[in-house]
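Below are two complexes that have subunit A in common, paired first with subunit B and then with subunit C.
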Partner chain A sequence: MNRFICMLALRSAWNRRLTLGMTLLSVALSAALLVGIERLRADARESFAEAVSGTDLIVGARASPVELMLYAVFRIGAATNNIGWQSFQALARDPAVTWAVPLSLGDSHRGFAVLGTTGMYFERFRHGNGRALRFTDGKPFEQLFDAVIGAEVAAAAGYRLGQRITLSHGSGTEGLTEHADKPFVVAGILARTGTAVDRTVHVSLEAIEAIHLDWRGGAPIPGVSIPPEFARKFDLQPKSITAAFIGLHNRAEVFALQRRINTMRDEALMAVMPGVALDELWQIIGTAERSLTAVSALVAVVSLIGLVAVVLAGLNERRRELAILRSIGAGPRDIFMLLTLEGLLITLGGVLLGLGFLTAGSAMFGDAALARYGIDLRPRLLAMDELPVLASIVGAGFCASLVPGYRAYRMALADGLAPRL
Partner chain B sequence: MKIRASIAAILVFAAGLWWFGRDLHQLATADGAGESPAYRLGEQLAPVPTAAPAQAAYRQVSWDDLLPPGWDPAAAFKGLDLSALRDSDQRAVDALAQVQALWNNAPINEKLNKTRVRIPGFLVPIERRGMLIDEFLLVPYFGACIHTPPPPANQIIHVRPAQPVQGLAMDAVWVSGELETRRVDTAVGLAGYRIKADMVEPYKRPQ
Partner chain C sequence: MTDAVSIENLVFRWQPHLPACLDMPGFRLAAGESLFLYGPSGSGKSTLLNLIGGVMVPERGSIRVLGCEFTQAQARTRDRKRADHIGFLFQQFNLVPYLSVLENVLLPCRFSARRAAQALRRSPSLAAEAARLLARLDIAPDLFARRVTDLSIGQQQRAAAARALIGAPEIIIADEPTSSLDSARQEAFLELLLEQCAQTGSSLLFVSHDQRLAAPFSRRLALHEINHVPTMTAAA
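== the complex of A and B ==
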């Protein structure tokens, strides 16, 4: 008897394949959306938190800690003020400090940030869980007009070692003043990190000074041009930098040094602990992130209501079918089971299909997401913490299918057999 | 009859949605860390006597135990009538600088070396991996080091948990593990405490 009912149910479902297929698809899409947003959020947060590691303090002009993090680590926005070179040197000599890497920002190349720094940057900078920078090609800059480019800069423009590139003054892509008289040579290409380093062109601090030698007040001096071969003869010691990364001998000393920097009398400097500032930044972004999750939950609810609607509408269509089943001996309980199981199977199938969509999608668009948005999508089939989300979709789907099941259960035997007027 | 059935069915559906929707709601409001109760700036955690058998191996210590006996953090203020001084008074400025220097070179309680302790405090992350914290500093009072002068060196513990912990800056936690004192021979670096934590658990405020 049971096998017979199963056969009948399958045949019946096949008969209604279009409606059921659409329902399956809508459940699949909503499950994919819900889990996808959750994964995107987790991955975004991970790439975000892994942007800097091993650095105890980030120092910049006194402003907002979040702002300092944004420009020094993520290359977003701009500094309001610089750090004097003297102050930086004093800081680097502090007995608590193991290493200090200066950062000078403000120029760009095709929309990618240009970072003036020292060779120590490539040794000291860490991202992720203490991972160091690696060169896929070439080496750190040696000559004045050498540049080391991030993986994404190299990929976007197809740059190779030895290629000449021109930096622009300011940030953006269009209508910028070019430093065309002093082209740089690509000396090294860094391996992909999934951080802002990929989108950065690194040059030496002296080079930043050199390209601005014949500039005064934010514009080139008309009629004055210092050719690159003469630039080397000038004093290229930087007068100011934008920010600095600092590492300490004893990490517990970070508070004391931070206090010393924040209360420095000679210059208004500020030091932030990356871990703390990242948390602050994340709390700001967290609101947007939570509303995203709320939207995807709403989408799931809407598609589940759609599921109920489709099955309920199908009930009318199936009145005769159900009545015939009843007349050949199926009890109300069988009918209830039939409808509820169908709903449950559709949600289950939908969720599995959705996961399939998601895996295929992230395999297909993972590279684009990394290149465009800097989000490293990690392909995975199913993570443990996604189980409750999926289970709640299936559970809600089951509850939704109770509704038509219950209605059919209450329908009288005569209901479907009586001629309709 | 039919209407009543439909209403009942819809109620069942709504109840199901609510029940399973709670998960989604939790997802939407969870922020990595548990709901941390709001602490006031400078607030300290009350040492709650907890007598679970698993914790018997650890000796519960307070932040005061970390100070060597006889060390007076306010020695530089001796002989000064603080209420009579204004902030801009040079004597006050000098005393503050002295206190700061004293605090930075604060001695540690060597007796605690290699003891297994359990201590409550607020965490300040220094090494992160995604949502997880691999390394953090434990401080005695809320808001320490971010908004106020830093605590003395003997009131900061450098913690390396055995398992990375989830949390945000200034979450209140219990840390259990072997305390190590760190003597400093070189001119750089201060003395201090370290814990290789076997366990880091959220702190629950006593009712």
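== the complex of A and C ==
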């Protein structure tokens, strides 16, 4: 008989599908908001964590660990200080170190960051689950003025192999001085990674040095111009770099090495573990995330209040119907169940629809999120860790539905078989 | 044979501080009889029907339905008795709007296994029994699957009668079921109802303010004869 009450609740709800549909939609949107924020958060964290998966330590000038990680890994912000080349070389020779990849930042191309590094970068850099970089076209830089561009750079400007590009001094898109006298040639195009690599132009450290030969203090030296063919004759060993990625033989040594770097006498350096720095970043962002979650929880509460209001409003029109069911033998408990079920069904339906919205949304906007924010939205119908959130929406919906249920129960007792309308 | 309904020294009031609404020293509905109970509005008939239906309980006295003392029984038991043994028929809006005509007629069988079993004793399936009753009450088969709102008032009342009759409950209680029909249809409806009650052997308690309908019943009674509360002070 309980199954029959469920059927009645469904049929009755279907009979009032327009008003209830609107309520369902509002529950669906609030559920999508609540779960969506949670998903975005999880996906952002995962995407960020995967952007540095192969690196044990990031080394830079002493500053805040978050700042170092942001500019070294995500090309966000800029370094305030550099590392001396000598210090980097000393570091690379440390017995604990397997590999050390230097990074030199500061220039840009059409708003994309330019990264000066060595060929080792393409071998050692890992993203995702330890995936290496892959070339869709061309190969690592060989010539001094070769450039390897990320997938996003290639897509944005439609660059192909062999095309000439000019770098700008500094970052941004407007009012930058061009290194127009020393153009680069696209020698390789990297496959999409979903990380900042996609938005980066990679050149050799020597090239960075070369384009700044006739520069001093961030501006070209008036009257001095060294043509590119002569640049090769200069000593192009860099004097400083911005940061370095370091890989160790044995991960257990990471703390010892970190301590050694942080206490180096010659230069004020800092080594951070990417995971630890990310955690610190999330802690900073956490407050904003929590308020976002609080607001969406509030939206869910509002939608559930709307649900109660609609079900209660419907109750008055249904007094006659409930009296008929009473006369046929339905007890007040059955009436209570009928009304509570209605609210519960709408909540459940809303949550399911909301999940559908999310799946459709991440399918529609997934590419944009990846390209623009480097966040890889993973399409999923339902993740296990979302169950508590969903369960609490349904639970709250159930509690809210008890209100019309109880009211109908009281009404059934007072009205009897003949409602006084 | 046990009486269908028997009432002794019953007193009912809505609130403890209000005057009594019903005060009935004695009333009985015998098994198989058809009783016309005359009661203008405000005479307490709705209250009486609620008491017989087991939806409300009196303050004092005894009310037995098919031998079951309702004043002693739990609400659940009374609901069960009502589902199993009583078919109700009201003035209007007897049908659940979102169910089809046939589904409305089948409703009592969903709430009562006993009535479902009795319906199956007559017909091979519940739907067949519902269709049989509807046909007997002059509802064309093409209306069975229709929404109840597509039916005329007269058709709705006949479908409601089929619902009250399905599963052959021992008691049929009809509360002004003809008042929304015109007089020509009133007679025809009454005839059908009485005929079907006789066939199933159900007792019929027919409450109405319209004494012109009283003729075909086996017994006639006025509510004010059995209720000692003056009509004016009685609620609903």
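Quick note on the criterion: the second predicted complex is superposed on the first by the 375 of 421 C-alpha atoms of A that agree within 3 Å, B and C clash if a C-alpha of one lies under 4 Å from a C-alpha of the other, contacts with A are read in each partner's own complex, and residues count from 1 in each chain.
Quick note on the criterion: contacts are C-beta pairs under 8 Å (C-beta built on N, C-alpha and C of every residue); 3 or more make two chains touch, one makes a residue touch a chain.
Computed from a predicted model, the values in this text were never measured in an experiment.
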Is A:Ala252 in contact with subunit B, with subunit C, with both, or with neither (first, second, both, neither)?
-> first
Go through the superposed model and pick first if A:Glu321 touches only subunit B, second if only subunit C, both, or neither.
-> second
Answer with first, second, both or neither: which of subunit B and subunit C does A:Ala330 touch in the superposed model?
-> second
Given the touch rule stated above, what does A:Arg410 touch, subunit B (first), subunit C (second), both, or neither?
-> first
When the two structures are overlaid on chain A, which partner does A:Arg11 contact: first (subunit B), second (subunit C), both, or neither?
-> second
Can you pull the subunit A residues that subunit B and subunit C both touch?
-> none
Interfacial residue positions of subunit A with respect to subunit C in the complex = 1, 4, 8, 11-12, 14-15, 320-321, 324-332, 416-418, 420
So in the complex, which bits of subunit A are touching subunit B?
-> 34, 38, 42, 45-46, 49-50, 53-54, 56, 95-96, 128-130, 249-256, 258-259, 273, 275-276, 278-280, 282-283, 286, 290, 293-294, 297, 300-301, 304, 308, 388-389, 391-393, 395-396, 398-400, 402-403, 406-407, 410
Touching subunit A in the complex, subunit C uses residues 46, 49-50, 53, 55-56, 75-76, 79-80, 82-84, 88, 90, 93-99, 107-108, 110-112, 163, 175, 236
Subunit A-touching residues of subunit B, taken from the complex the two chains share = 1-2, 5-6, 8-10, 12-13, 15-17, 19-21, 23-25, 27-29, 31, 100, 103-104, 124-131, 133-137, 139, 144-146, 149-151, 153, 156-158, 168-169, 182, 184, 186-190, 192-194
